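See below for the structure under consideration.
Just so it is clear, A, B, C and D label the chains in written order, and each chain counts residues from 1 on its own.
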């Protein structure tokens, strides 16, 4: 079998391979360590962090939908300090990049977290401006162009780390938001976060999730995510980390062809704990079969 | 590495209209499986896996007892002998099985399944067991319990062939009876039942292990969608993952929602 | 069996029952007449009409997705004149309401169609400001608040017919758009139209649809649609015609509980040509079982 | 009312590695079924139905020959005798079967299936038939054709046991041969093949009926996703629905895309 170069460089974040895992779907890595060698994964974006520890939302947090699920975890996490103390050392045992997904109640909090993490051993910051489960945080941030401008530029000023900005799909014009993020200093764009959705229990006659709506993920949203990656590719020069419903190598290849430089697996981890490894292997075979020397050549390699 | 992969179904039978048992071949390298632990079953037509407790732990086999509730369990009910099914596990913290003299088993609805697995496990030691079973409609699996339990009391909400009512009534009777010296209660059933059981056990100051159920996704602690409140510190609470810190919690740990 | 009142009044458009079919998924009714008695359906929203006949888009127009499909028909239709001449008389043979779904290249065209149809035997106009397949038409209209304001107010002035405004889900703030439509004189809101999506063929290395992206419909989008109906219910007083992925009575009941006064079945017709009739029957049983006297009582009847 | 509902599978067998036949019981009230018409099959795991042509029309049965291409046809291949499957139809305009003296049947790949149904139908009258079959790999169903066709020529792109190459070569030979007097050609196969067949037939001025295939949704003309261009007026074109105006179009009607 001939070989193919799987390394990708996301504008300064160098990955051994382009298969990463999406924030909130892989815990802090340790939960999956019994099922997969974490060194097989290009990068791990950890569960969304906040400045202080958070308990997350009360009541039912999940509902299944046709080929999807909605969640309303509400950023339950041990806080950035415990992450630094306990999770970074654990993850550093493995040959994988660490992406810290950061979330604030306000712009100051985002900046403070970025500052704190500047001096810590993480490879990248992923600015989550799109979590739909935190009312006073995410939603407004990720959908309002002027707030996006402010949060990205201030976080950029607060830290020299590699900076990924993660976009919300719940917007009219995703290109506009991506361009603002690029302009204000993002090194990379990741998309998409979950779509806002609701499931109602017709027996109890109330929304299944205690908070009403939650974030829709999984195969159901894949066509929307592919379209957004395709659109954003045309709008920015910085690399794209694509995600949304990827479950197998066919899905993954779709994202590369749409314009993603690397991809993240989310919900599919719940179904197949070793899916990342499988996708990496199948992607490699596809590349070899189709005479590619490097996975980078696949990015937006649409035939005309 | 923990097990995830295909296993072979070597037996399958219905024990009531909508409850069936399947026995699978235990894969070689699977570690110890304890009562109260569960496996996450891949279901062809559904996105998410379905968690199912072990209802019997053999040397080379595992048994599961499943109630058809929705599409996923319906799909599982189509499994036939020699079919393969993708499972992962064993998952979660099962029951603590210390050396008690007399224990009380309490099972409601399909919650009887893991309790049966526990009873069979305990019966290897000479522990005295008493069992309370509660059903909404026609009871099932009573004979399984009679095989190892010194006494089995069955109630049903609707089946007139049995004592009518909720399981909480005989539970209170047993705990109020000074002759019964129960060291530990093990309970599994719908959340409303567990909530009442918790209250009654607290009243009678008897320790109880509750096996909880909630919709899950990852089953291994990564996604945080399966939480319940547990006591933390003197006043506070935290959201514990049923799949990892549970599904067994002691009665004095859990805080049930209103 | 006791009886239950299935009549609904959508602010002037009186339906014998609240189960309608969505524009573009039921042709002009005649295609389904071999499978179902059209008089069993509350209303039929016909294939999107334009002033002049249209050939529609070239090349492949459909791709299947996980529990969904994307289409790019591009408003192929015989034009409003032929609709008036041939389709209205056909549909009038049945006891069902006729909703004319109208689409323009510009605001003048919308107005002209509304004017023409004012004098014709249709029961309602459905202003489609959200078709994502017509580049110079729909997309911009349905997502830009100021254009929505103009098109609705001018169409309102051009015709006294019952007026439904059909919203695009591809927006940041669906409430805002709905409120504008209400304010400018809409009698009813219908939502959601399809979400913008893309599927790429990894063997041919090009988007499956010749036009790249298309409109995502079917069960995959249901949680998004339910959430939007829920949100819009809080924002407007006029009734809502809810749709998006409804395949059975459980789905339908979800929409009523979210706040829809009537519902439309789209993609599900392709799978089960008699699905509307089945949903009507199952909905009735649910209402009777739960002691409702009228389907109107089910609207947003969430327990607290 | 047209038929849509469950029918019983009364026979199922594989005719090659990835091609299988199923025979179903024809429901009582189903109208006439003509060769070239199709049925839309409900497939459990997929959203949309799958269109499949009839490959034989019996008094009380219908036969379908299906190639496993993706998930939907894979799912259909799991059907077993006595299973039920939900179909709707018959749909579309099949072949026009006028009283010709000599016809040429041209089938490529799984396109041989409807052509076989047509041949059997035509063999009731005393029409002379010649058949050209083309495959990418190992041919199948040749014997079916030998049963009614005076001559069967088979080519394959890769199987050295047969004449190698494309079906268009023997097609040109037959049409160029003055001894062959072909009144009508019937063709089904991949679009690229049909496009070449159209061109060749036009060259030789022989009428051809092309049975076209495209992904469908409703199958009855309502959704407009299955169109191809056909000539309209002297210069223009229109988008005709393959499911309703087709799937059979005459060679001089269709405009193929580049």
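Of note:
Keep in mind that, in the parts below, a contact is a pair of C-beta atoms (placed from the backbone, for glycine too) under 8 Å apart; a residue touches a chain by one contact, two chains touch by 3 or more.
These figures come from a predicted structure and were not determined experimentally.
Graph distance from subunit B to subunit D, where chains that touch are one step apart, equals 1.
Under the contact definition, subunit B and subunit C share the contacting chains A, D. Chain centres here are Cα averages; for subunit A and subunit C they lie 34 Å apart. Centre-to-centre separation of subunit C and subunit D, using mean CA positions: 36 Å. Chain centres here are Cα means. That of subunit A falls 47 Å from that of subunit D.
The set of subunit D residues touching two or more other chains is empty. Those residues of subunit C in touch with two or more other chains are numbered 63, 67-68, 218-219. With chains as nodes and touching pairs as edges, the resulting graph is a single ring in which every chain has exactly two contacts. Chain pairs recorded as touching, per the definition above, are A-B, A-C, B-D, C-D.
Taken in their complex, subunit A has these residues touching subunit B: 24-27, 31-32, 34-35, 47, 55-56, 58-64, 67-69, 71, 73, 76, 218-219, 267, 269-274.
Those residues of subunit A that touch subunit C in the shared complex are 63, 65-68, 70, 143, 170-173, 195-200, 202, 204-207, 212-213, 216, 218-224, 226-227, 230, 245, 250, 253-254, 257-258, 286, 301-304. Per the touch definition, subunit B reaches subunit D in the complex via residues 44-45. By the touch rule above, subunit B contacts subunit A in their complex via residues 1-2, 4, 42, 46-49, 88, 214-227, 229, 237-239, 244, 257.
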